[in-house]
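Presented below are the structures under discussion, each in the form of structure tokens.
One chain, chain A, appears in both complexes that follow, with chain B as partner in the first and chain C in the second.
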Partner chain A sequence: MKVRIKKWNAVATWRWDIPDDDVCGICQVHFDGTCPTCKYPGDDCSLLSGKCGHNFHMHCIVEWIKQESSKGQCPMCRQKFEWTDNPALNAPAIVAG
Partner chain B sequence: MASSNRLRRIGKELADIQGDTASRIKAEPANGGSDLGHLHASFPGPPETPYEGGTYVVDVILPNEYPFKPPQMKFKTKLWHPNVSSQTGAICLDTLGTAWSPVLTIKSALLSLQSLLSTPEPKDPQDAEVASMLMKNPDQFQRVAREWAIKYANAPKSTQWETNIAHSPTNSRPKPQKNISREEQMRLEAARYQGYNKDLIDRFVNMGFDIDRVVEAFIFVNIDKNNGEDYELEEAYMGDITARLLGEP
Partner chain C sequence: MPSPEELSLNKASSLPRSSSKRKLHEPKNPTASRSTSASERGTSPTQSTLPFTKRLKTSHSAANIGPPADMSRTQSIGSRPKVIDLTRPSNFNPNTGAKKLVIKNLKPTRQDVDTYYSRTWDELNGSLSLIFKRQPLRQPLEVLCRGVEAICRKGDAEKLSNHLRDRSKAYLEKELLPKIEREAGSVNVEGLATVHKYWTEWSKQATLIRSIFSYLDRSYLLNEKDSLQLEDMGIQQFRHAVFSKSKEKDGRKLGGKVIAGMCDLVRYDREREEGLFNAALLKDSVVMLHIFGIYRKSFEGEFLKQSRKFFDRFIEDQSSSRMKDYISACDNLLYKEALRCDTYNLDSSTKRSLLEEAHEILIEGNQDLLLDAQGLAGLLNASLMGSLKALYNLLRLSAIQDKLKKPFEAYIKETGSSIVKDPKVDEMVVRLLELKRSLDLIIRDAFEQDESFTWSLREAFGNFINDSKNTKAWGTGNSKVGEMIAKYMDTLLRGGLKAVPPSLQSDAKDRDAAEKQGQASTGDEDAELDRQLEHSLELFRFIEGKDVFEAFYKKDLARRILMARSASQDAERTMLAKLKTECGFSFTHNLEQMFKDQELAREEMATYKDTLGNSKAGIDLSVNVLSAASWPPYADVTVKLPPEISRVIDKFSTYYTSKHTGRRLTWKHALAHSVVKAKFNKGYKELLVSAFQAIVLVLFNDADPKAGLSYKFIQAATGLVDAELQRTLQSLACAKFRVLTKNPKSREVGPEDNFTVNLAFSDPKYRVKINQIQLKETKEENKETHERVQQDRQYETQAAIVRIMKSRKTMTHANLVSEVIEQTKSRGAVELSEIKKNIEKLLEKDYIERNEDTGMYDYLA
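Right after this comes the complex of A and B.
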């Protein structure tokens, strides 16, 4: 039997390329959701990964770093928070579904 | 917007605390209301301490900037502990101040308080009187802390703690008890003020300083005794006294 595909719709889901059960330590919302100020997850509400290895919603960590009391430190390990340009994190991983 | 984030997180935290029965930590909106910015929380006194068996109620205010600013916590239950004011319940704990981080939670802060009860730190006191008792007379400190736990925190009169203390050799030996009359006691007390008015000195004592240290600071700064009458101190003198008490140059 031969099948000729006349038309097809690609469907994909995406998720951040980090462990499944991770929540943002600041807002306590799962990384696949948005930070509490945003409506849609994705490029508009990206994650930021510190050189120390700790991840947060960008909006959450920026809000913390703005606080004088943060002293520029990572909320998890209190090392100076510097972000990496880890492409795996800055671009969502596409998982075909 | 910012406040709805805060409420969302507080709601999650309360659900988490209610779901965790093992820690025996409780938290709910104060006075049965629906305001998530003001909570009443409680935790059991840690075992093998004078606080064992007691329940400690903490007033929790979550500022608008929470979790970027720490929750404001103070004890509603009176307790005798060097890092908690015996008068107001104010708490001296770095994680509730400069060392706060937004990944900490109401529950983690309450666990820190519980652990603070097991590890008093008299060198960084909130209540100078309690701290000095703990350093000079640890047995008496334990006794008073226990009395307060029974009186204010509903601790049963007999727990594992009493059993252990009663059987420990250092605590069971008889202590020399001086029987002094009430008049004698009052005379000794008056002598401590060294001619200064009691109310005048007590205004500093109420801030948590030891009477003798306040009187010493008054003498150091050369404050007028005013024949033992109360009077208003000039601000500059107040500053000098406070500086002396806090050990600043």
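Right after this comes the complex of A and C.
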């Protein structure tokens, strides 16, 4: 008998490539979920990873940066917040103090 | 009006006048000439110049000369003479004027008038006697009538009426009454019949009398306040004679006998003694009593008394009968009683009080029997619509239909609990639906859509579905009903209507008919499916722990989407919309995400294929990328993929991660399925298989067809764990479609087994689905889902506690617990001890603290 696979219906799940139990530092929602203003996770509600190693919902951190008082700092570690495109490379740093 | 004598006089006087005129023209007539000559003697010729009127008058008086005896002669000779000789000179001379006529006084004397009156009186008197004797009258009625008028005009009206009254009274009491009493016999009904017979006769006599004496009636009696008119007098006298004057016989007066006779008749009718019953007599008797005006006074009370006794007896007779029989007997009885009242013209007030009595005795007095739970259960079980309707209507007559609710609810609870506890899980929802359907129909058709019953139906359903005693029977700690409803809906959405049991479907058709009358309803399949889903949703509403339902529904939905097993996308959407309106946005949020993911995946695949261009990959790949949070968690099962598969998959993986930065893909091969083309002895077949099945099958490409592959080899090549591999091999070699042959043959797959390809495999269809195994839920999965629900409940409980404490700041333990139950009820409340444990946990985590002074919990910000 010759068996040939004609069609393959695969199933995969995606999650943000960050540690499992991480939550957004601003809205405290798990990254699998959305920021408070969005309905569905995905490209419409993407994440933003700072060079400091802190991840946020993009909507959340943008709101934060817009505020005068934030002085463009990461709300978690008060470093200047600069985002990076590749959070995978930016392994979550254990931020001291 | 002139008296007859006067009349005849007048007529006679007119005749000679005309003959006298003729005489003037006919001189030949000897008598005429004689009479004229006689009259000429007294008149001078000068008188011829008298005015015309005078002459006329004289001629008139001349005509009156002749006595009555003469008149008949003139009449007989009034014919024309044979020959009239006009040549002879006539003695008629117009210039001399008319001959003189003499007038005689013919007025009757006083004595004649008195004779007339006395004669008339005698005639009337005689006529009365004849009427009483029921003999024909001698005088014409007109004459008698005139006689009465004459007497009244004369002023003897009072005398006449007194006389008439005395005579009829004497007749009734002296003559008729003894006769009736003689004929009446001893039986009541006979007495009644006799009285009625003579009453009919007397009415005729009285009518005749009234006609003759109508002038008296209308002129004298009408204005006389103290005396009755003739009609009333006739009635009053007869009544007086029969009811008051009659002597007692057999300890009962005639009147009493009449009443008793009527009651007896009713009794005969009630006891169905056809031979004794006389419908016409009863009806006429009622009319008679109405005419007498003693219906209410003497009959009604007695009748009601007898009826009460009858009803009491009825209850005694029926005391041992079953509920159903009693209902129909009762219903029948009431119907007959009402009908009887109408048929025999009984008064409407009698009917009302009779039926009130009946209701009081038969329904209220006997409500223990009517409200018997056991009996009602029997009726409900058999869906005896007629009896139930009758029962409801009976109870409503006494306005105690609400008391039926208690046994009704008890029945639902008992039946429902037995269904819920029944180990035949698969039938649970169908049976519940059937129960609800039949009860709905009963409420609609038998209980007149009584709101309060609908209410108690809901109450009772919620009660038994959420009864913790019932859920404990399953050992899962969760409501089994929720799970089963989710599964039932899954069957509906997967198989469409084919999954609906015929019993429910036919019921649905009944409902269709009803709906067609009321509102427009399409009878097509979609509408039917929609209705079926609606029904199951109705059950769902009763459930308090909705989280179980959610978990299972989600799992089933996921499977339907991933395996493309939905019968109708529209139905899925409407169901989702229904759940959304039912439970709110948060309930369906994840479900919506699942649909959204499916759409995204479709778009993703389209763009992916565009980037690949036309290059033939050989394998048609399609990937469903799911957002992990919204879907039920799936365990990672490691498997070694065939190289051709892992190649395409890796390619997609790279494409995806480069397109969506920051995402990580995890493959869930346990959920994947595949189409493989295989060549058997009888030609090619397309097999729809799960990923694992495909992987196993591909291994046989390189295997020796004779020797086959051993279990151990397959396990090594696929890297599957025992449980999965056994399941897969079993589905390929031991299930309905046997693509592989197992050695040795048996149901269970063991590690020492060997497998070869079954080349003789054949099936009438080209495409064969053998991946059912994937759709089935394993026991472990089921348990897992239940456990997960339990776990989630703990979190929900903790969240509720914090929420409540945050708003109240401080609370006693009891209040907190009851509030928590209230808040978590709809999604599923946990046991009291569990709530307490969760409070402990939160105390440890310093969300709340116990205030030692007040013994209350304080919220810590």
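Note that in this section the second predicted complex is superposed on the first by the 78 of 97 C-alpha atoms of A that agree within 3 Å, B and C clash if a C-alpha of one lies under 4 Å from a C-alpha of the other, contacts with A are read in each partner's own complex, and residues count from 1 in each chain.
Everything that follows uses one rule, which is that a contact is a pair of C-beta atoms (placed from the backbone, for glycine too) under 8 Å apart; a residue touches a chain by one contact, two chains touch by 3 or more.
Keep in mind that what you see is a predicted model, and the values were worked out from it rather than measured.
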A:Thr37 touches, of chain B and chain C: first, second, both or neither? first
Which of chain B and chain C A:Glu68 touches, first, second, both or neither: neither
Chain A residues touched by each partner, larger count belonging to chain B or chain C: C
Sites on chain B touched by chain A in the complex: 1-2, 4-5, 8-9, 12-13, 65, 67-69, 98, 100-103, 105
Of chain C, residues touching chain A in the complex: 562, 564, 589, 593, 596, 600, 619-631, 634, 642, 644-645, 648-649, 652-653, 656, 660-669, 671-680, 686, 691, 694, 697-698, 700-701, 705, 757, 759
Of all residues in chain A, those that touch chain C in their complex: 1-18, 30, 32-33, 39-43, 46-47, 49, 85-88
In the complex, chain A residues that touch chain B: 25-29, 36-37, 60, 63-64, 67, 69, 73, 75-76, 78
